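Note that the chains are named A, B, C, D, E and F in the order they appear, and that numbering of residues resets to 1 at the start of each chain.
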C-alpha cells in the first residue's frame, strides 16, 4: 500500500462516517447498508431492501493475509468496515488488521471509539496518554496473544517495537473507525494554518514549521 | 474446562453484569473497575483510585493459548472481560477466544451486544435468525481469516463444522458479555417451569420435558 | 385469530421494526409516522407532513374487545402499535391486549423492551428467567388488578394458569414490540439449522428434532 | 385521598426522582431498588443484594380498586412506581390508575415521559398542546377500551368529560413519573414569584395574582 | 420586534424542531443542515453535500447588536440556531441574545434543554421551580458577568429586574431551542380548551378564562 | 495566570472528569454535585442532600473580569464548571471566558464536546480540521458579536489574530470541559514516548524531539 493508499483508505473510511463511538443501538434486527443511497444523515446509513440481503452481506474473507506495507509508515491497514461488510451497519463494531514492517507505525492518532488491540505476531507497543492524569502514558509491548485496551478519545501509539515483522487485530466499538491523525490535523490542514502560530504552538521555528507543512501526513 | 467450569464462567461473567450492549459512553478518560466495591448500580462499575492504576490494568496475556474443552459441549471459552482486565470498565468492549473440539459447539444463545466472529483455525459455522424476516437464518462456515457479524439480540449458532479442531475470537461491543442460553432458560429454570406448559410450548410430551428438566444446560 | 394470523401479526409488527427497547428520545413535538415512506433507517420512521396530522393519529378504539383465540396457542394478541396508531412514532411505547382460552399461552419469548403486564380477568402466570442468577425463575400468578414487571431481554412465560378465560394488557417501552419466540428461532429457522447440531444442543435424538422442524412455531 | 394526599403522592413520587423519560437501558438483568440507600446519583437507584430479591419485588396487587377522590380535584392517583414495586428500577416504565368523580381532573401538567392513556370506564378527555404547531390542541374523549398517546414533554389535559365516574390507566416510559403541574409552578412557587411580574405574564391584575398565590395547587 | 415577530420567531425555531435537549451525538465530523430537504425524521436534519460547505456555514455575525423590543413583552430574542447557522446541525448547541426594556420579560416557559444564562448588562432575575422539592423556587438577580444555570425541563423566569435596559446571552444544549410558553399552552390552545375546565384548573371564574382565551400569548 | 496555573486549571478541570460531550440526561430535577464525595463513577457526580441546596449553587459571578494572562501562552482561561458551580452537575453544559494578549493562543487541542465560541472583544481566529474531508480547515476571524461553532472531537485553533487584546466566551455541551492538548499528549507524556518513534512520526530529527520533550506544554 502506497502512501496514497493509506490516505485513501482512511479518507474513504472516514467518509463512510467518522463517528462517535458507542453508536446508537439498532432498531431493526438487521439494517444492511444501502451503499448507493445519496441520503446523508446523522447515525447509521439507510438500509437496503431486506429481501435483497444475503449471507455475504455479513461476511468478510481474508483477514489472515498481510496487507501491503510499501509506504512511508511501513504499515498496512486492512479494514473490515461497512464499506466492505454492509451488514455491519447499525452493529456498532468494526475492525482492522495491522501489519508492521520493522520500524513501522500507525501515525499518532485518536478516535472516538474504544479499541481492543490483539497481537498476532511480533512485538507491538501500544499505549495511550491521559490528560486527566496530567498526560500520564500507559503502555505495553504486546506479543502474540496479548491484548490491550485503548480508551475512547485518547491519543495513542501503535508501533512495531521488535526487530521483525509484526501484525495485530484492532477492534473498535463503532461502525465508523473515526481516525484523527494529529500531525495531519496540524501540518496537513488545507488551507494551511498560520505558520507563525504553529511555530509558537510547537515551540519550533517558523522555517521548520513551513517545511513540515510541505510534507505528507496521511 | 468441565461443565461446571463453563457454567461458572458464564455465571461469573454475567454477575459482572449481563448488560445491554452499546454501553453508555465513558465520562472519564479511564475508570478502572474497583472490583472490590460493594456498590451495585446500573452502568459500569465504580472506578478505583486513579493513583493506583497501572499499565497492567489494561493488559491481558495468553489469548494465543487454547482453553480446556473437556466438557459436554466440547468447547472452551476464554474471556477477556472486566473481571480480568479491569481497565475494560466503561470501554464498551469485551472479547473471548473459543476452542472447539470436533463436534463442539457453544449452546444456542443470544446476547444484547453485537458480535464480530473471527475464525483462527478450522471450520466454524456461525449464523443467526431474524424474527423480522419470519425467522430467516443467515449463516456462513468460517475458515481461517474469515469474519462474520452477528447482530445484537438475535439467537445464534456457533459450532465446529469441520472434522478437526477449530478456534475463533469473538468480540462484543459491551463490557458485559451478556449471554442467555435458550435451553437453560427453558429447561434449566429454577424453580422449574410447569412441565405441561413446556410440553405445549415445545410440542413434545410431558415425560420428555421432565427428562430435559433433569439435565444440565450450562 | 388463526395460526397464520398470529404469524402475520408478529411478522408485521416486527417489520415495522423489531427494536431495541428504550427508544431514542423524540426531537420533535410529534412525528406521526409516514406509513407510506419507502425510506428504511435506524430509529423511528420518517414523519408525515404535520399539516395532515389529526386527532385520530393518536387514537385507538376497541381494546375492551377480546381477540379471536382460534389458533393452536389459544391466545389472541391485539396490538396498539405504530401500524395502527401512527402517532406512536418516536414515543417509545406500544401495548397489546392478550386473551387466553383455558390452556392458552403466548410462546416462550423475549424482547428487548421491558414489559408491564396487567391482568384484567382470570389467572395468568407471568415469569422470567435471569441468567445472571444462574437461570433463577421469578414469577407470579396474576389475578384481576395485579401487575408484574418483566425485565428487558429476558425469556418469559405468559400462560393462562386458571380454569377459565383470561385477559391482560402488556405495555412495552418501545414503539416496536420486538418479539423473538425461542422455539421459532431454533426449529422454525429457514433454511433449517443442521439437525444433528440441534439434537446435541437440545439433548434430543435427531428424529425428534427433524419432526419438530416440520411444525409451525409462530 | 385528601389534597395533602395528592400533594404527598406527587412529591414522594418525584423525590424518587423526577426523571427524563426514555431512561438509560439496564446493564444488569435485574437491579431491584435498594430503597434504603442514601446514595443519590443520576440514573436509576442503587440495586439491593440480588440474593434478597423475591417474586414480590416485581409484583403489585390492587389496581382494580378505585382510589379515594375526596380532594378538591376530585381525582385519585394510584401509582405503581419504584417506591412500591422496587423491581421497576432500571426498567423504564411506571403506571398509574386514575379515578375521576364527575367534574374531576388532574391539573394541567407535563412530564418528560410519553404517556399511553387507556380508558377503563366513563368518558375522559385527554389532549395535548404542540408549541411546534403554534399551540395546536390535539384531543379525544375516550370511552371504555379507547387509547390515546400523549407525547413526552407537552402540556396535557386529563379530565372527566362525562356525567358519571370515570377511570383510566396511564403508562409512562420512565421509572420516574416526573410530573410538573403548571399552576403549581407559577402560583405555588416557594418563595413566591414577584406578583407584578406574574400579573404581566398572565395579563391579570396584581390582586388576582396575589389571591392565586394564597391557594393550594397540588 | 412586534408581537407577531416573537411569535414567528418561536414558531419558526420550533418548526426547526422542538427538541429534547441532550441531542444524539454526531456520527459525522460535520453534517451541515440541508435546509431545503423535505425529509422529516427524528434527530438532526439531513446533511447537505460536504463539497458545498463553507466557513460561513459555521458562522454568525451581529450578536453584539440589541434586537427590537417593540412588542407587548418588551423583549427581543435573537436566536443563533440551525436556521441561520446550518453548521449547528448535530452539534447539540444553540444560543440567543435577549434584550429587555424596563419591565420586559420572556413569558414563563420551559424547554427540554438546560440553559446557561449570562448577563451582559442591567439586572435580570432568572429562576426556576423544582416540583421535586415541592415547587421550591431558586433564583438570582444577575448583573453584568453573572451566570446562572437553569435545569432542563423546569418552568423558569427571565425578567428585567432593574430600572434600565438589560441584555443577556442564553445557551441551550440542544440544536433545537424547544420552548413551551405555559400561558400559550393553556390559553392560546387552538382549538380552545373547555373554559369551565380551565376555570377549575386555574381557580378563576369562567368569564375571566374566556377573556384570557381571546388574548395573544406568544 | 502562570504556566502552572493554566496547567493546574486544566488538570483540575479534567480531574472533575474529562468527559464525553453530550452527557446523559438528568434523571432528577437537580443533582447538585457533592464535591466531597469519594465515589467515582461513570457519569455525573453524586448529588448532595437536596435540603442543603441554595440559590448560590447555580450561580457564578465575575465573568466580566479578564483573567491573568502572564503565562507563556499569553492566555487566561476562567472556567465556569461544576467545581465552582456545583449545580451544573447533570446539566450537560459548562463555559469559559478566554482572554488573549497580543500573540496569545490556547494550544491546539480537541475535546469531545461541541463548542460555541462568541467573541467579546478584539480579533480571534477560530478554526477546526475535518479528517473526513481530508483535513480541510474551516475557520473565521471573529470580531465582537461574532459566533463560530466548533464540532465535537476535532482539533481546533483559538488564537488572537489582531494587534490588541481579545476576549471571548466558549460554551461546551458537557459538564466536563474535556480538553486534550495534542502537543502535551505527544511531547509531554510521562513517562516519555520513545524519541526515535516520535522523530519518525513528526518527520523531525531525534535531537529536536528530545529537546521538545524537555519543554512544558500545558
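Just so it is clear, a residue touches a chain if its C-beta (ideal position, glycine included) is under 8 Å from a C-beta of that chain, and two chains touch if they have at least 3 such contacts.
Keep in mind that this is a model prediction, so the values were computed, not measured.
Within the contact network of the assembly, the step distance from chain E to chain F comes to 1. Taking the CA centroid of chain D as reference, the farthest chain centroid is that of A. Copies chain D and chain F of the same sequence differ by a rotation of 120 degrees once their CA atoms are superposed, given in steps of 5.
Interface comparison, A-E versus D-E: the higher count of C-beta contacts falls to D-E.
Inter-chain spacing, taken between the CA centroids of chain C and chain D, is 27 Å. Taking each chain's centre as the mean of its C-alpha atoms, chain A lies 40 Å from chain C.
Averaging Cα coordinates per chain places chain B and chain C 25 Å apart. Along chain E, residues 14, 17-18, 20, 22-26, 28-29, 39, 41, 43-44, 50, 90, 131-132, 152-154 each make contact with two or more other chains.
Chain pairs that touch one another, listed by label: A-B, A-C, A-E, A-F, B-C, B-D, B-F, C-D, C-E, D-E, D-F, E-F.
The residues of chain E lying in touch with chain D in their complex are 7, 10-11, 14-15, 17-18, 20, 103, 105, 107-108, 110, 112, 125, 127, 129, 131-132, 134-137, 152-155, 157, 159, 179-186, 188-194, 197-198, 200-204, 208, 212, 215, 217-218. Chain F contributes residues 24-29, 31, 39, 41, 43-44, 46-50, 90 to its touches with chain D in the complex.
Chain B contributes residues 14, 17-20, 22-24, 39-44, 176 to its touches with chain D in the complex. Residues 20-26, 28-30, 50, 53-56, 58-65, 80, 85, 87-88, 90-93, 95, 114-116, 118, 130-133, 138-140, 143-154, 169, 171, 173 of chain A touch chain B in their complex.
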